[in-house]
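Order as written gives the chain letters A, B, C and D; numbering starts at 1 within each chain.
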Amino acid sequence: VSEPRWSDGLLEAGFGDSATADALSWPTRVVRMIEVEAALGRALARSGLISQEASEAIDRACDPRRIDVGRLAEAAASAATPVIPLVKALTDASDGGPDGLGAAWLHHGATSQDIIDTAVMLQLRDALTRLESELLQVGDLCAGLAHQHRDTVMAGRTLGQQAVPVTFGLKAARWLGALDRRVEQLRWVRTRALTVQLGGAAGTSAVYGDQGLAVVEAFADELGLDVPDLPWHAERDRIVELAGMLAGVSTTVGSVATDLVLLSQSELGEVREAAGDAPGSSAMPHKHNPVHATAARAACRLALGELGVLISAGGEHEHERAAGAWQAEWVALPSGLVRTVGAIARLHAALEGLEVDAERARRNLDDQLGLSGSEALSSALTPTLGRARSQQLTGELARLAVTDGRSLREVADDDPNVTAVLDRAARNQAFDAAGSLASVSPLIDRALATHDRLRAFQERS
Amino acid sequence: VSEPRWSDGLLEAGFGDSATADALSWPTRVVRMIEVEAALGRALARSGLISQEASEAIDRACDPRRIDVGRLAEAAASAATPVIPLVKALTDASDGGPDGLGAAWLHHGATSQDIIDTAVMLQLRDALTRLESELLQVGDLCAGLAHQHRDTVMAGRTLGQQAVPVTFGLKAARWLGALDRRVEQLRWVRTRALTVQLGGAAGTSAVYGDQGLAVVEAFADELGLDVPDLPWHAERDRIVELAGMLAGVSTTVGSVATDLVLLSQSELGEVREAAGDAPGSSAMPHKHNPVHATAARAACRLALGELGVLISAGGEHEHERAAGAWQAEWVALPSGLVRTVGAIARLHAALEGLEVDAERARRNLDDQLGLSGSEALSSALTPTLGRARSQQLTGELARLAVTDGRSLREVADDDPNVTAVLDRAARNQAFDAAGSLASVSPLIDRALATHDRLRAFQERS
Amino acid sequence: VSEPRWSDGLLEAGFGDSATADALSWPTRVVRMIEVEAALGRALARSGLISQEASEAIDRACDPRRIDVGRLAEAAASAATPVIPLVKALTDASDGGPDGLGAAWLHHGATSQDIIDTAVMLQLRDALTRLESELLQVGDLCAGLAHQHRDTVMAGRTLGQQAVPVTFGLKAARWLGALDRRVEQLRWVRTRALTVQLGGAAGTSAVYGDQGLAVVEAFADELGLDVPDLPWHAERDRIVELAGMLAGVSTTVGSVATDLVLLSQSELGEVREAAGDAPGSSAMPHKHNPVHATAARAACRLALGELGVLISAGGEHEHERAAGAWQAEWVALPSGLVRTVGAIARLHAALEGLEVDAERARRNLDDQLGLSGSEALSSALTPTLGRARSQQLTGELARLAVTDGRSLREVADDDPNVTAVLDRAARNQAFDAAGSLASVSPLIDRALATHDRLRAFQERS
Amino acid sequence: VSEPRWSDGLLEAGFGDSATADALSWPTRVVRMIEVEAALGRALARSGLISQEASEAIDRACDPRRIDVGRLAEAAASAATPVIPLVKALTDASDGGPDGLGAAWLHHGATSQDIIDTAVMLQLRDALTRLESELLQVGDLCAGLAHQHRDTVMAGRTLGQQAVPVTFGLKAARWLGALDRRVEQLRWVRTRALTVQLGGAAGTSAVYGDQGLAVVEAFADELGLDVPDLPWHAERDRIVELAGMLAGVSTTVGSVATDLVLLSQSELGEVREAAGDAPGSSAMPHKHNPVHATAARAACRLALGELGVLISAGGEHEHERAAGAWQAEWVALPSGLVRTVGAIARLHAALEGLEVDAERARRNLDDQLGLSGSEALSSALTPTLGRARSQQLTGELARLAVTDGRSLREVADDDPNVTAVLDRAARNQAFDAAGSLASVSPLIDRALATHDRLRAFQERS
């Protein structure tokens, strides 16, 4: 195939996924379109609309090696659609056929959009398979972290402030849960989206007489795609559903990557991407940047742009086929997917070999004077002092701790209002981080069990 | 409840749905938050963490009539969250309680986000019920049109050009199919999204010891919501899924509305909104504008803005609770839903009593000199002349028809190249619109059957 | 005016600006539309198209007190436009007029969109004045911080990692520069956007014969707005420019707010919002959340949603007036502005009384073992060792420092490769933070000077 | 340079501009980065920070022929930034230099983002020059149409309904006005955006001591770019302004393209793209699709996706350099520009040789029974009958005209209520389309004069 000239830097910058790019590229699309034309020929023969010989002539004509994709691309850019020059190239190159007319029945009854939409569905099928596999692999990494760091205590943070202790395992389990919900969503969308398109010029299968549905069914069977209820040239809701699912993937990935960037901050230092052989900075030899998480965030942003195009275009398809909204899909759909899977790939790289500094995490908590125990202290005081007074007293003690640079526990131990209500054992219990984490492990187990189930399903299929 | 002061003009302009607005308004949210606090109290008692008396004190405190929503709103705007002033107002107003401490255990172990997220889910449940009902009703109208206009021939149009004939019934069936896929999507998302939120300060249920899961289950049971696998304070993928579904609804509605605007054009005049009592124009007394379809399109655009906020915010939730991305949901979620349902309501108004001018539709086809028969003519010639020659010949005849102002049929009848290949019967068949529509009726039936099935499911439930 | 019933929670949540909301509300719009109708009457009289008496009858009719805005809103929602019921209400209520016909010439030659667009421009003028004033005030706060913390050393951070020292004053100066560029942009857009709309049914001023331009000029003069080159019913580029400017404001505000949230993190603690009287958390009495910066971020996200609606709608205006894209502006424009100014107001609150902890900032730098000196050390070694060797050596020393828990300076002092090249004085210079900041103060001065200039311009005008 | 492998189909589909793509491609970026490193070397020498010999060694090292862009791209994808491998490649390949250390001072005091941002500005400068030129050329075509069709009467249409007559020249003048406002906006943004970036690791020019500003000024002078007030690593408002301007261009182009698609509809047929040699449809030989306008619309949608990424990323740059938001610009900026200019190019193709069917336009008006005269008739009646009665009477006559299939003029001539008020001469005047267009020509002249002025400015510069 001929080489494209333009590079927007997506792959060069490491924000795309090469395998997905290959599956969804323009050259691949041309190959898929040729397969689709051949399948249509076979479907026509199965439906009795053309002869077996005519179908075989089409099959012979549909040989990707006969097509110069580069020249086709040029012709496509001046036509409104690549299909016209493609059909011409295929028929021009065809041999005699049963009636000396070559592949005369090629493209019979179809419209350009039938061929392109169906070819895109074949491309999508491959890309979604890869997407699922990548999602599950990132999930595996999260599952490993959830398991391994089930008890690694770390500050929970809300609005950027230390709140109460969590474990890193719980964080990873939450990531895992979100990723696995994406797998479920993907599987659902997959069953809804992957349908053939075949309706002819205006979706009536006009040329097929009353055989319209029969041809569509044979066509879908040839390609291993589903039969849609109706032609969907102008009803792009399947594409919008797909885009919505990909937006879910992108935002889930972006959210995890954001956590990694934040946990990697110099002042937190609780995680650190595996060093690899990448230098840190062109100016500062000491730096260790979260480069993969950063790239994942960039790729997510980029993906959302294309997915937004798909979503908003979905409401602008008019009549039987749209003038503009459909054509935008030609670019936004592959590009949106390549960016989404690119984001996953970079998150994968960020998580693989992630170093978790449990000691630093514990120290960060301690550095905050045990203020993360304030919820527990206040709760312990509430039954006796009531909510308002407990909150107020705890607030005063927290401020005193900060002023004096002592831990909240020490300050509480010294305060008669507290000691009057809570004896040492009660105070021990209130400030017991492990006790406050007693509900965490079961949560992690739930996430792991779901992941195992989704994994098993894939391995079976 | 107190009256809000600000009006963005959404309802005044007729772009929102009042019932959805009521279900999702800020005052309603406060009422829901109070219900949530009460449910939490009962759940704590069921789990044995507080006494039955304490729960009853909470129940007594949680009386919406005790709350001045207007004052609460003011307090909320200066706090980061409405929950703090709400809890204060509830406890301040509570009576003695079992221990003389009033509703001391109110909000026990919860964080603000637990209360707000769960209250929003209760609001959402109502709003989604209304959304489904509205969608099905618009589907009913489309089903009626599909049935009634099964055989109303109309020009199919691609890129704005007349292509081949369709029927208006097929158009309506395609709309119906898309709307019904939204009902399916809504039902699926509903089962995934409507879960309680309860995890305490950082999602660990710290205050509940090892009873975290038990409390969550009792809490969900009290409210009739689902139990999530894990707390989801910072994993907003359910909201993103919801937003994706709503975007699907908006774009589907927008697409149908766009068709109505285009079919209503003066020069097409194939449909016309029921006149109602609305004057046409402030300047032009003769005009009959598609006002409801226009409003539906505006509402869809507006909805997509808010839904885009929800989607993009989904990737920016950090740590255990986000500083900004979450708070944006407070506004974008209700507003996005009100706009979406508003769009449906206006589409409903546009379709109700829609006048379809079958005669005009037929005349529009005829005015184009029967050029829409070119696909059929070319297809009929193909077996004998081959594809390339058939296309070329048909193109020449079409241009001749335009030049001479004669119909394509007449020109074809006079052309020896055609008559040599196709006898009169064959030409009759090629130009037979009814024959070209033989596959249409089964497609309509498929759409109607799906709608009946979805309807039946709803009526059962 | 009547009270609207729907509340999306924008103001309740503290994400909007009340004064802007008042200026842009639907009730205010109605008042502005009435002013516009009156101005049109006077312009028609000045152009000699109607008599002075007729104009005076219009003036008398155009009395906002005669209008029930609530009832008008209801009528507007069922019409396509509020203008038809408004004109009817005004004329119904008018007295005899010169010819016994009441305000017969009211709305003469105008179309609904003329009235609405011009009324919106009057609303916008007020809102942009407030926007500019708010921007300048936030700039004042940044200028104060830039001046006061000119020499407050703080870690510069890239990709979340400590890089080299900066000063907090430089940070504030960079914020100031960005805010002041918004003021410049606002002033430029203001001169381009604030034009009247007057073209009649299709922009031809058909009813005014050859007096079209004369009427427009008198109309603009009456209202103090500019005269556009051409009617712009379907050319919404001024709105898109405006939306682009507001997006610039929102993202600038969002970026500063993000910095505040990050600098406020427990582990950094370099800034802290003034405590005010807001409690910190419903669960954790010790917390001090950056509530205003958080709200500013939420408001920015919300603003961008509406602004995106305005931008994308800008490309969908067809023919002489659009069916949907225009109507969406009715809501998105006021809402976008209210959210944008709301974001500024919350940033204002965050910056006002901001506590900067210079000691903590210095300690954070020191805690990183002086690694932020690595750029300087490597640069100092380069002339002798070459770039590659210097980077490598510095990297090794940095890793050693981390391993040993010693400062980079100590490690470098002990390394013969370093001491062979750099004597003590040279090492002192390399590790001299003050020296590395010698270029900072002039940068701050540049930002302050620009702000003074912009301030002076406003005070003059 | 090496060939990229991935093709998203943008150029193949004809939605991008090749020349802009070349200017902004990744390979070109690498070449620009090398130029930037060389310019920095010269600036350092001019500022006295390094010797002339050292600068010359840098100049020699900065030879694009020494760089394997393909290998660099691979290295870049695994690093966080392409600059680190680039600097390594340049220094590795450098010869001895003054001190035997090769280009030891290459990249001195700079950070990766300095080099990339400045290189992008050089790319942008070229791309904006092309953008302006393309905009002006499309403006020329509109100016030609405005001039030529000054008096070509056509139906004005609002909400898709015929309103009152306009001329095609006025339409083209409105398009021209909007395009020329884009030229003005572009020129303004150009003066604001094209600045160098140079601040070192955290924007303090730490390595340059107090020479920071001097180096920046020499650097900018070497490259012919402007000096920014402050480093702008994390203040991306210039990029947001640029994106806002490009969104203005895209939406303006999209709006004109939409008009062309609509005017080309079979039932309107008022314009028609020049036939060229493109076949119409793969299924329907007679079709003449508006293929260029369609492609322009698709390209605009695609552009808006990338521009939205740039805008929203603008609010997410944290601290001194961002982890994700900045990197997204690497792709979204070039891609957004390529798509925008691609849209212009397709609009250019649509307008070039556009066929305007004046006779058909007139016939379309007549086919509507002269109802477009209703505004004029009602206005003529108003002075005698008052507004309400005139509107009502005209509405009745319009409905009668439709019912009877007679023209509004005929019906009015027969109605005693009309003839009692308007004599024949007055009725002639009311129904005189030319009279209703008397204000149009001056509007066209205004647009043409502005275009001439902008053209002259460009030719001078």
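Heads up, the rule we're going with is that a contact is a pair of C-beta atoms (placed from the backbone, for glycine too) under 8 Å apart; a residue touches a chain by one contact, two chains touch by 3 or more.
Note that the structure is a prediction, hence the values are computed from the model and not measured.
Common neighbours of chain A and chain C, listed by label, are B, D. Chain pairs A-D and B-D differ in how many C-beta pairs they share in contact, with the greater number at A-D. Annotation: 33 Å between the Cα-based centres of chain B and chain D. If you average the CA atoms of chain A and of chain B, the two centres end up 23 Å from each other. Across the assembly, chain A contributes residues 80, 87, 107, 109, 111, 157-160, 163-164, 200-201, 258, 261-262, 279, 281, 283-284, 289-291, 294, 300, 304, 308, 312, 316, 323, 375 that each touch 2 or more other chains.
Put simply, chain D touches chain A in their complex at residues 3-16, 18, 21-22, 24-27, 29, 73, 76-84, 87, 107, 109-112, 115, 200-201, 257-258, 261, 276-279, 281-284, 289-291, 293-302, 304-306, 308-309, 312-313, 323-328, 330-332, 334-335, 338.
Listing the residues of chain D that touch chain C in their complex gives 80, 87-88, 91-92, 99, 101-109, 111, 156-160, 163-166, 170, 173-175, 177-178, 181-182, 185, 188, 192, 200-213, 229-238, 240-241, 243-245, 247-248, 250-255, 258-259, 262, 300, 304, 308, 311-312, 314-323, 375-376, 379, 382-388, 435-440, 442-443, 446-447, 450. Those residues of chain A that touch chain C in the shared complex are 155, 157-164, 261-262, 264-268, 279-281, 283-291, 294, 312, 316, 364, 367-368, 371-372, 374-375, 378, 391-392, 394-395, 398-399, 401, 408.
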